[in-house]
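Letters A, B, C, D, E, F, G, H, I and J name the chains as they come in the text, with residue numbers starting at 1 for each one.
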Amino acid sequence: MPTRLDARRSVLAAKKRLGLRWDMIATALGRSTEWSTSAMLGQQTLTPEQATAAGDLLELDAGTVEALTLSPERGSAAVDPSDPLVYRLGEVVQVYGSTVSELVREEFGDGIVSAIDFELTMERVADPKGDRVVITLNGKFLPYRVW
Amino acid sequence: MPTRLDARRSVLAAKKRLGLRWDMIATALGRSTEWSTSAMLGQQTLTPEQATAAGDLLELDAGTVEALTLSPERGSAAVDPSDPLVYRLGEVVQVYGSTVSELVREEFGDGIVSAIDFELTMERVADPKGDRVVITLNGKFLPYRVW
Amino acid sequence: MPTRLDARRSVLAAKKRLGLRWDMIATALGRSTEWSTSAMLGQQTLTPEQATAAGDLLELDAGTVEALTLSPERGSAAVDPSDPLVYRLGEVVQVYGSTVSELVREEFGDGIVSAIDFELTMERVADPKGDRVVITLNGKFLPYRVW
Amino acid sequence: MPTRLDARRSVLAAKKRLGLRWDMIATALGRSTEWSTSAMLGQQTLTPEQATAAGDLLELDAGTVEALTLSPERGSAAVDPSDPLVYRLGEVVQVYGSTVSELVREEFGDGIVSAIDFELTMERVADPKGDRVVITLNGKFLPYRVW
Amino acid sequence: MPTRLDARRSVLAAKKRLGLRWDMIATALGRSTEWSTSAMLGQQTLTPEQATAAGDLLELDAGTVEALTLSPERGSAAVDPSDPLVYRLGEVVQVYGSTVSELVREEFGDGIVSAIDFELTMERVADPKGDRVVITLNGKFLPYRVW
Amino acid sequence: MPTRLDARRSVLAAKKRLGLRWDMIATALGRSTEWSTSAMLGQQTLTPEQATAAGDLLELDAGTVEALTLSPERGSAAVDPSDPLVYRLGEVVQVYGSTVSELVREEFGDGIVSAIDFELTMERVADPKGDRVVITLNGKFLPYRVW
Amino acid sequence: MPTRLDARRSVLAAKKRLGLRWDMIATALGRSTEWSTSAMLGQQTLTPEQATAAGDLLELDAGTVEALTLSPERGSAAVDPSDPLVYRLGEVVQVYGSTVSELVREEFGDGIVSAIDFELTMERVADPKGDRVVITLNGKFLPYRVW
Amino acid sequence: MPTRLDARRSVLAAKKRLGLRWDMIATALGRSTEWSTSAMLGQQTLTPEQATAAGDLLELDAGTVEALTLSPERGSAAVDPSDPLVYRLGEVVQVYGSTVSELVREEFGDGIVSAIDFELTMERVADPKGDRVVITLNGKFLPYRVW
Amino acid sequence: MPTRLDARRSVLAAKKRLGLRWDMIATALGRSTEWSTSAMLGQQTLTPEQATAAGDLLELDAGTVEALTLSPERGSAAVDPSDPLVYRLGEVVQVYGSTVSELVREEFGDGIVSAIDFELTMERVADPKGDRVVITLNGKFLPYRVW
Amino acid sequence: MPTRLDARRSVLAAKKRLGLRWDMIATALGRSTEWSTSAMLGQQTLTPEQATAAGDLLELDAGTVEALTLSPERGSAAVDPSDPLVYRLGEVVQVYGSTVSELVREEFGDGIVSAIDFELTMERVADPKGDRVVITLNGKFLPYRVW
């Protein structure tokens, strides 16, 4: 049986061959474009129904559809941190991580921003000097428990 | 002369002693709270006027004020990636990096999201199930040049 | 002003000199022994009142008491992972991490065990073949958000 | 002949296909659910009888049954430490490792908590604010020998 | 379907077999020799037309031509940094990186040299003491945004 | 006696205090701006005469002048590779390293580009869409010796 | 107060100055030469009586004597693994580790050799071709617990 | 042709299938059990005669017998240092490495313990509190040459 | 087509099967034994004529002969630095690197020893106390260019 | 008391101030220039007589003279492997390590070249195309012991 990462490759090839966009796949899954992309790339859990809907749209074989329901892959194999686009996101964490830390602590007290009870959106914002990418990270604040 | 990182420690100690908030410091600098925090922590360039204004508010000595005008520190010493709050931001890049990469490429073509022509904002959003932290990354899209 | 890690060293030296136990310090802080130990070692946030109470018991100077109220240190400097005692805890994660992962997923669905909304206790259990250390990790289950 | 890690993949696929739970496999092995899960994932030694019992329940082929009796895999390949669920367990070691170290030393003297003469249990604890995962680490205290 | 790195190997083998030079391939692509080499090695985006043109010249099979239109590979797998020729380029960054940093900051202010809005050329310069390689890096200056 | 890296800090502080530019220091040394910057930052060998000339211009104390004649520091301490400006230079090596390798090999045969018999220049090139930084690497080709 | 590693340096300097041998120090501590050396270097727990006895023999100041009773340092700072003598011990683990693993498993079943309930001795064995160092590792076998 | 590590897997599988012990294989090779185990696992040079003798006993095919005469594999692939049993041997080097270093230097002068002119033995020692593993490292002392 | 490293394996197998020595292969190539060994192992460029001559002697198939003319592999995959023999060469660099650095600088001025315009020879020197290996590194001195 | 590395800095400063050459220091020590340089840089054991002779020549204070008799520093702190001159020596090991390994094994059988029973010499060889550095590594062959 193919793995989640094999399924990812099949999804990308099929999407390219069929000329689909991520929002069309999202419609089939009944979820947001961002979550759906993440799921098809292997980072979210898909129900059998969602896997089947995606499989129908993308004309995937049965093994790949089943592989889409395997446990998600969210470890270091999920992305190449040295890819220039991804690296810049990591650089934002490096350069602004202590700023976020200070501001969260001042506003909320001691705790963290959840990466689990979390949503991400990406939007294009037109700008005469060059369009901009706006990425929104929306995570629940979790205070450290004291006992 | 103290370094930028020494100045950061003095700023944090003075801010605590005087009971100031980051937005008060931002007002003195004439910039947003996020940029101002980042600057006082050492990751942005401050003009002598801004350093003096901050020094007046925070009652810093002359050496520290001068140190605030040194080159910013944006390398790996800027933040500890193993701090739990910062780690979760890095985990977002690990888990959602390929999603952002796919969506940017589909929408804009081959390029990256600038971490230089870039703004970051942090907001608290009330939620009955627990308030949320919304962090917005806003970077110019830069297409790869072809020659 | 001393750092949180300097304060830790002073606390350990004073505790040794005065012949105190961690549960006595916990009583002064009004918290559990485990949390109190963690706080005195620098991994939790102490209120000024708690810092003062600890300072009175441990006969700490004013600078150290103030340093106890600094931001906690929870990054990689908090512990030496190559220390034999700590290493074995890490080995448990290596050997049993996939087991915990499987069982949590089966019982709760896709998510993680919080290390923030989290309590740890340590207990001695008498055993004729050699007493045992029982460490309990108690964390809230956090499901991955779908959007 | 397949390896222990190949056998693990076959076990997970068969368990999914047959809709079994880990406690059913544990019953077949005559051991606790936690140990049995760990063994089927490749981290414990299985007797030929246990391998056969598991093979019958999971309808495994003879090669996979034999592979289940190979030496366990407990090195770094046993788990991905960057998986978010596993990472949080590792973060507990980072944040609370020195606390455990202090408390063990105070209570027992100089030594370690065995990761070999060791049991792990996982339990779900209902909580109106969100159910909790309670993981118990139970290891024999081993004092450093003096000679 | 072959990957971009598989396509790279096929391109190199075909180029060798057919006795072609990079500038001939560049002519087929209608781009500079440097960009074209980089694209054929997998680090730039090729249009289907460019891939076909290259495929015709290099007598590549259809699968390889299609693979040439896959997303570029620009992460750490793109090059072996320990190869002696590549290492020396990296050494230049090590030895002269702070010099470039100082001079850019003095001339342009706080910002970076883009590696995206970027061109690279390589030229042979005859020299009686041994010919020289002149590599020109030409990147847009990007100032840090202040907000 | 101060080290080369101590001398570097003193040079940068004096340059700032006196409002000098690197080309003025270069004039005092009788060398190019790029080499002179590199030398003052600690990566080149200065003669006692050059150190004295720089010391006179920068009003350095005798110990610092002597430290300028110490062996250069060209190891990994010479620069922070995670600084965003420096990182992009390293990324150029990652993305274009194999291209340079191919083109050098085709043009010159088997060998490397010297980083020792080497010159670097930096120039500002005006551009209506944003000025550009042009960095030229000029190194002697060294063929592998066959024996 | 000095640390355990500071105390180690003082012990080595005093031992050198006074011309003592490790077995004389061992006699003062009432333990074997190997354990005593290890304790004076900081890797074992010394009682106040032992620290005092060592301090009397080595003419250490009170602060150093007290530092000898601090928690032992057994993490990666205890030794430099790249020192040639130490490296060869590590190489033995690399070359013969799987052999020991196989033989222990065959003889004892699934378990490990304790590094805690452990003794080490070193002996000189005369040999006409060059004297030999015989190091004996003596650790309790610990079987993996099954539950 | 299989590699030395392939041959190792075949040897382990055959040994298991035939129910052989390492000392029986040692008898066939005419060497000690420890050396023979090490050789069959790939870390020693076997003569064609020894390879044939082992092949006869273990019923290995001709390719595997030939592979046993390949150069030994003694690099980092020879063992997994994160395996719990092997890790404890490495921990012994970490904790006691400086002790061995001190004692060797005191007894022999400046030099090292050879890991080449070296023998290792493993023995079981009965003990009412639990049997013990005694591993003996026996290496020639090599003094640093002075010239 | 096989890679250079595949060709290396074929060369070693053929050399073993045919009972050849490296100097016989060197004769076929018309080069020194050291260079020839290095070339057959994949670290030098072979002409088609040399590849054919080696292929005739070693009875290699056409694909392997062609693979011998591929670009050399000189990156970190060329050798395993943890192999005991290779490690000791690296240790020589660690222990004597600063000595070579001092002596070269004193004798030649600021520069390096070329590893490209470089020859290596290996010789056996008989010695009644045990024969010795004499390895000669012969590299052109390259002075740092000043501009 | 200063450390061996402190003594090294003092030696280098004094040598520079007094205008001495390494061979003059070697004469004072009664050893070769290479060994003497290595010893003064901290990598060899000096007798008190040698330390005194060096101290007299270099006008070192008593503490530094004593520090010269401390244990040598041969671990990774002995040299910076990223220094360009040292790096090239390491590159030689990378590129030619497998060649040396093959030739040693063919000539001597299974074993290593000692880095302990070892001598290093450096010589200048005049060459019209640029003088050359000849470094000779001379180590005893040590065969693997079989038992």
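The rule we apply is simple: contacts are C-beta pairs under 8 Å (C-beta built on N, C-alpha and C of every residue); 3 or more make two chains touch, one makes a residue touch a chain.
Worth saying up front: this structure is predicted, and the values here are computed from it rather than measured.
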| task | Using the touch rule from the top, work out which pair, B-D or D-G, shares more C-beta pairs. | result | D-G
| message | Test of understanding: which option in H-J, G-I or E-I shares over half of the contact pairs of A-D, residue numbers taken as the match? | response | E-I
| said: Nearest whole angstrom, what separates the Cα centre of subunit E from the Cα centre of subunit G? | reply: 54
| query | From the C-alpha centre of subunit F to that of subunit I, how far is it in Å? | reply | 33
| Rounded to the nearest whole Å, what is the centre-to-centre distance of subunit C and subunit D, using the mean of the C-alpha atoms as each centre? | 24
| query | Taking each chain's centre as the mean of its CA atoms, how far is subunit B from subunit G in angstrom? | reply | 48
| task | Would you pick out the residues of subunit G that each touch at least 2 other chains? | result | 34, 74-76, 81-84, 91, 94-95, 111-112, 114-118, 142
| message | Help me check something: in the complex, which residues belonging to subunit I touch subunit E? | response | 1, 74-77, 115-116
| field | Residues of subunit B that touch subunit E when the two form their complex | value | 31-32, 34-35, 44-45, 71-72, 105, 109-112, 114, 116-119, 142-147
| note | Counting only contacts in the complex, subunit C reaches subunit D at residues 21-22, 33-34, 37-38, 41, 43, 74-76, 78-79, 81, 83-86, 88-104, 106-108, 111-115, 117-118, 120, 122, 124-125, 127, 129-142
| note | Note: in the complex, subunit D contacts subunit A through residues 13, 80-84
| request: In the complex, go through subunit G and note every residue touching subunit I. | output: 82, 84, 87, 91, 94-95
